[in-house]
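Chain IDs A, B, C, D and E follow the sequence of writing; residue 1 opens each chain.
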C-alpha cells in the first residue's frame, strides 16, 4: 500500500512543480468552449441548446489531451521499470496515477463547469445535473483512458492511437452524461442516467488499473 | 536553401514512418466532430445551425493538438542544436517544418471536411465556402502555432502555455473562417471574409518562421 | 496476466494440436474448397430468391431487397468482432501463436463487413427515412464499431516488435467487447429510427417466411465467405511470419 | 548441458542466483543463448561484450523485464518468473535510463524510490545515501540542473538507499554501465559502495565498457555465447 | 592578463581558434572564468574536470549555443558572435544528446545531417562515414533498435560525414564525452578518425572522463579556472 500513497504524493508533487502543465486540461476545457460562441454565433437560444453537449464533449477532449502523457514520460525516463520491479504490485501504482490524474484534471473541470455553464448560458435547471454528472462521470474518463495510455506506451504513433482508442470507449459516458443534463433541462427525471454513470465509473475504477498494469508489463518487454 | 528542402523531406519522411501519428489531427477532427451529435442530440436542424462553427472549432483544436510536438521532439533529442548550428539560417528550417506540418495535418483536414459536412448535415450552400475557407485559412493556423510551439520549447509547462498563447491568436482566423461559411449559407457574399483570411495567412507565412527561429535560439541557451 | 515463458510446448488437447501451424495449414487446405463451394452456392441461391423470387414490401416496394445485403452484413460485422475478442483473449491467456494470427487476419475483414453494413444501411435510409444518415443509437454504435476495427488495425501497426503489437491489440479487442451488447440492444434501450430485431428475436421470428428464407440463405453465404477470407488471410500471415523469421535469423548472423 | 547443483554444500557456498541455459531474443534475433552461471553470497559478475552484444538485454532479462527466450533464473531455488515477489524484494536494477523526474529535486526523487521499495524515507537516511555518491550538497537542486555524471550518480544512489526488504538475503544489484560519464573520484566511491554491499553478502552483476574493477568477479562474455544458436532454436521449437 | 598574438608568425603557427578570458554562468553560478587558450591547425585540446565542473557548458559556449558571461571567441580573428557564418561552416558539435530521429534508419539520419551541413549525400559517401565508426552493416536498421554504444557511434559519424564547407580550414570538432558507452575497438576507431582529421589540419576539442588519448593535446582543466572569480565579476560589471 505504501507504493500507492507514495506514487499519489509524487504525482501530485510533480503536478504542483509543473504548475500550469497540470491545469492544461481545464484551461483547454474553458478556452475551447469559449470558441463556440465565436464560431457558431452569439444567439443565446442556440447556445442554450448546445451548451450541455458542448461542455461534455470538451470535457472528453480535455481529458484525452492530458492522458497520453500519463505513462509516456515515466516510460521514457525509466521510472516505469522501477515501478514494475517494485515489490508492491504495479496495479496499485497505476491506480494511484489514475487518481492523481483525476485530481489534477477532472476535479478542476468540475469546479470550472459553472463558468462554462454561464458562458454558454446553460438553462438554470441544468446546472445541478451538469455538476453531478461531471463529478460522477469524470473519474471514469481518467480510468478508461489509462488503459489506452498504457496500450500506446512505446508506440510509434502515440497521440493518434490515444484518440482513436479512447474516444469510442468514452461514448457511453458522454451519452449518459449529456443525456442527464438534457433530461434535467427538459424537466424529466435524470436519476436513471446518473445511476448508469455511477455504474460505469465504479466498474472502470475496479477493472481499468488492473488492465492498464497488464498492458504496461507488456510494454516493457 | 538545401536546408529547407532537406528538412521538408525529412519531416515528411518521418510522418510517413510514423504512419498514423501524422494523421492524428484529422482523426481527432473527425472523431471529435462525431461527438457533438451524441452530446447535443440528433436533431438535424440544430446540427445544421452548429455545423460550420463546430467544424472550424475542431479544426483549431486539432491543429493545436499536433503543434506542441512540432519542435519539442527535435529539442529533446538534440536535433534542434544541430539545426541551429547549421550554416544555413534557422528561419529556413523552421519554415520547412511549418510547411511539412501543414501538409500532414492541415491538408488532410481540408480533404476530410466533406465527410464532416455530411455527418453534421451542413446545408449544401455552405460546402464550397467551407472548403475554400479551410484551404485558405488552415496554413495560418500552422504558421501562427509555430511561434507558440517555439516559445514553449523546454518550458516546463509546455502544453498549457501552448493553448493559452495560441487560441487567442487563432480567434481572428476562426471568426473570418466560420463567418464566411455562415454568410454563404445565409446567401450573402463571403468574398470579404475570404480576402481577410488570405491576408492573415500571407502575413503569418512571412513573419512567423522568423519569430519562431528567434524564440528557438533563446530556448537553447 | 499469466506470464508463460516464451517457449511453446504443445501438451496434447485438440486446440493445442490445432495450434501447431503446420497442422493448421494442412487442415485449412482441406477445408478451403468446401467453404468456397458453399459460398458460391448460397450466394447464387440467396441472390436469386432475394432479388427475383421474393415478394416486394407493400410500403417499401423494391428497396426492401437491400435487406438481403444489409442485414447479413450487419450480423457478420458483429460476429467478426466477437471473433476478434475471443482470439484476443486466447492469445493473451494461452499465448497461442495461432490465436494472434487469427486476430490479425480478422480485423480487416470485420472492418469491410462493418463498412458494408453502414453503406447499405445508408443507401436504404435515403428512400425509407429520407436521409443518408441520422444520429440514431444503432447507426452510431455501428459507426463506433467501425472505428474500433480501425483502432485495432492501427495499434497492430504501431510497434516494430510484432509480439508486443499483438499483445496490445489483443488486450484492446478484449476491452472493447462492451460495444457488442450496445449495438445489439441499442434499438431496445433507446427509441431509434432503426427497427428492432424481428428476425433474431428469442420469441420466434416475425418476418414473412418468403422473405426469411432468402435472408437466412444469404446469412449462410456471408458466413461461408467470412470463413474463406479468414482462412486465406491466416495462411498468408503464417507464411509471411515464417519468411520473416528466416530473414531475421540471417540478419542476426551478419549484424553487429 | 544443464548443470545441477550438489545440494550438500555449506549454506554460504550454495548459489543464491542460479541462471540456467538462458537465451534472449530481440527484434527477431537471438542475442545470446545457453548462458549458464550461478552466484552465491558476496559474489559478483561482469557482463562484457562489444556494443550491441546484449549486455543491457541480459540485465533486463535477469531483472524480469524481458521474458527469457529459453532457460530460467532461480533465486533461492525458486523460478523468478513463477514467484517474482521474494525476488523483487531483493532486486535493485539500475538501467541505462536514470529514471529521474527532472522537475523534482534530487532528494525528492530519492525519497520516492525509497518509498516505492519500502525503505526508510527520513531525510537523514537519504542524505547518507547521497553522501555515498557525493551528491549530499546538491540534495535540494532540481534534477533538471544536474550534469550528466551527477544524474548517473543520483541513479546509483537508489540501490544504496533501498536495502533488500527480503529478510534472509542482502539482495542483488543489476547495474547497467554504472560508471558511464563518471569522473575518477566518483568511480572510486561507487566501487567502495559495491564492495561494502558485497561485504554484507550482496550479489552484484554489472555490465560495462568503462573502467570498473570488481575484485574476484567472474566474467560473463555475452558475445561469446551466441555460438550454440541452433541449440537454442531447437530447444524453443521442440 | 590579456595575451595578444604577435602577427609575424608562420601562417600555420597562427592560432585559428583564439579563446580570450572566457567565463560561463549557469543557474546563477559561475562555472569557470578567465579561461584563455588558443589552438592552431591540427592542434587538439581536452577539457577535464570533475562532474559538474562545466565541461559540457564550455563546449556549448564555444559552439555558440550559450552566450559567454565574459570574454570572446575568435575564429580566424573574427569574433564568432559577430560573424557566426564562417565559423558555423567549419564547426561540428557532438553533444551529450545524440540527436537521432529514432524512427528513421541509421543512414536516413546521417543523410539529413549531411544535407543540413551541405555535405555530399550519396549513399557511398555516407556508408564510408558509417564504416569509419563500424556501423556500415546496420545502415538500414531503424535508429530505435540501436544499443547505447551504437547510437553514440552514429552521432560521431556526423562530423566525419560532413567536412567543413569553409574553403580555407579543415574545421573544428567539439566532442562532448565522445567515448561514452563505447567498447575498446570503437574507441580506437574514433581516435584514428580524429587523428586523420587533425592530419588534414582540423582542430579538435573534446571533453571526457572516459579513456581517450589525443596525442599532444593541451589540457584545459575547467574546474581549476573558477579561482579568479572576483576578477571575472569586476570585469563583467566594470
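Convention: contacts are C-beta pairs under 8 Å (C-beta built on N, C-alpha and C of every residue); 3 or more make two chains touch, one makes a residue touch a chain.
Please read these numbers as outputs of a predicted model, since none were measured by experiment.
Enquirer: When contacts are scored as defined above, which chain pair ends up with more C-beta pairs, B-C or A-C?
Expert: A-C
Enquirer: What is the chain whose Cα centre is as far as it gets from that of chain E?
Expert: The chain farthest from chain E, judged by C-alpha centres, is C.
Enquirer: When chain A touches chain B, do the two copies use mostly the same residue numbers, with over half shared, or different ones?
Expert: Homomeric contact, same residues on both sides for the most part.
Enquirer: Taking each chain's centre as its mean C-alpha position, how far apart are chain B and chain D in Å?
Expert: Between these chains, centre-to-centre, one finds 47 Å.
Enquirer: Could you work out how far the Cα centre of chain B sits from that of chain C, in whole Å?
Expert: 37
Enquirer: Can you compute the centre-to-centre distance for chain A and chain C, using the mean CA position of each chain? Integer Å is fine.
Expert: Spacing between the chain centres: roughly 31 Å.
Enquirer: Which parts of chain B, given as residue numbers and ranges, touch two or more other chains?
Expert: 17-20, 31, 34, 38, 41, 156
Enquirer: Among all residues of chain D, which ones touch two or more of the remaining chains?
Expert: 27, 50-52, 67, 96, 103
Enquirer: Got the chain C residues that touch at least 2 other chains?
Expert: 140, 147, 154, 158, 160-161, 255-256
Enquirer: Going by the contact rule set out above, which residues of chain A touch chain C in the complex?
Expert: 147, 151-152, 154-157, 160-161, 164-165, 167-169, 171-172, 211, 214-215, 217-219, 221
Enquirer: In the complex formed with chain D, which residues of chain E make contact?
Expert: My answer: residues 27, 49-52, 56, 96, 145-150, 153, 177, 180-186, 209-211.
Enquirer: Going by the contact rule at the top, pick out the chain D residues touching chain A in the complex.
Expert: 63-67, 85, 88-89, 91, 93, 95-104, 108, 112-113, 115-118, 158, 165
Enquirer: For a test of understanding, state which residues of chain A touch chain B in their complex under the given definition.
Expert: 17-21, 23-24, 27-28, 31-32, 35-36, 38-41, 46, 49-50, 52-54, 56-57, 60-61, 65-66, 156-161, 163-164, 167, 171, 174-175, 178, 182
Enquirer: Which part of chain B faces chain E closely enough to touch in the complex?
Expert: Chain B reaches chain E through residues 2-3, 5-7, 9-10, 13-14, 17-18, 76-79, 81-88, 93, 220-221.
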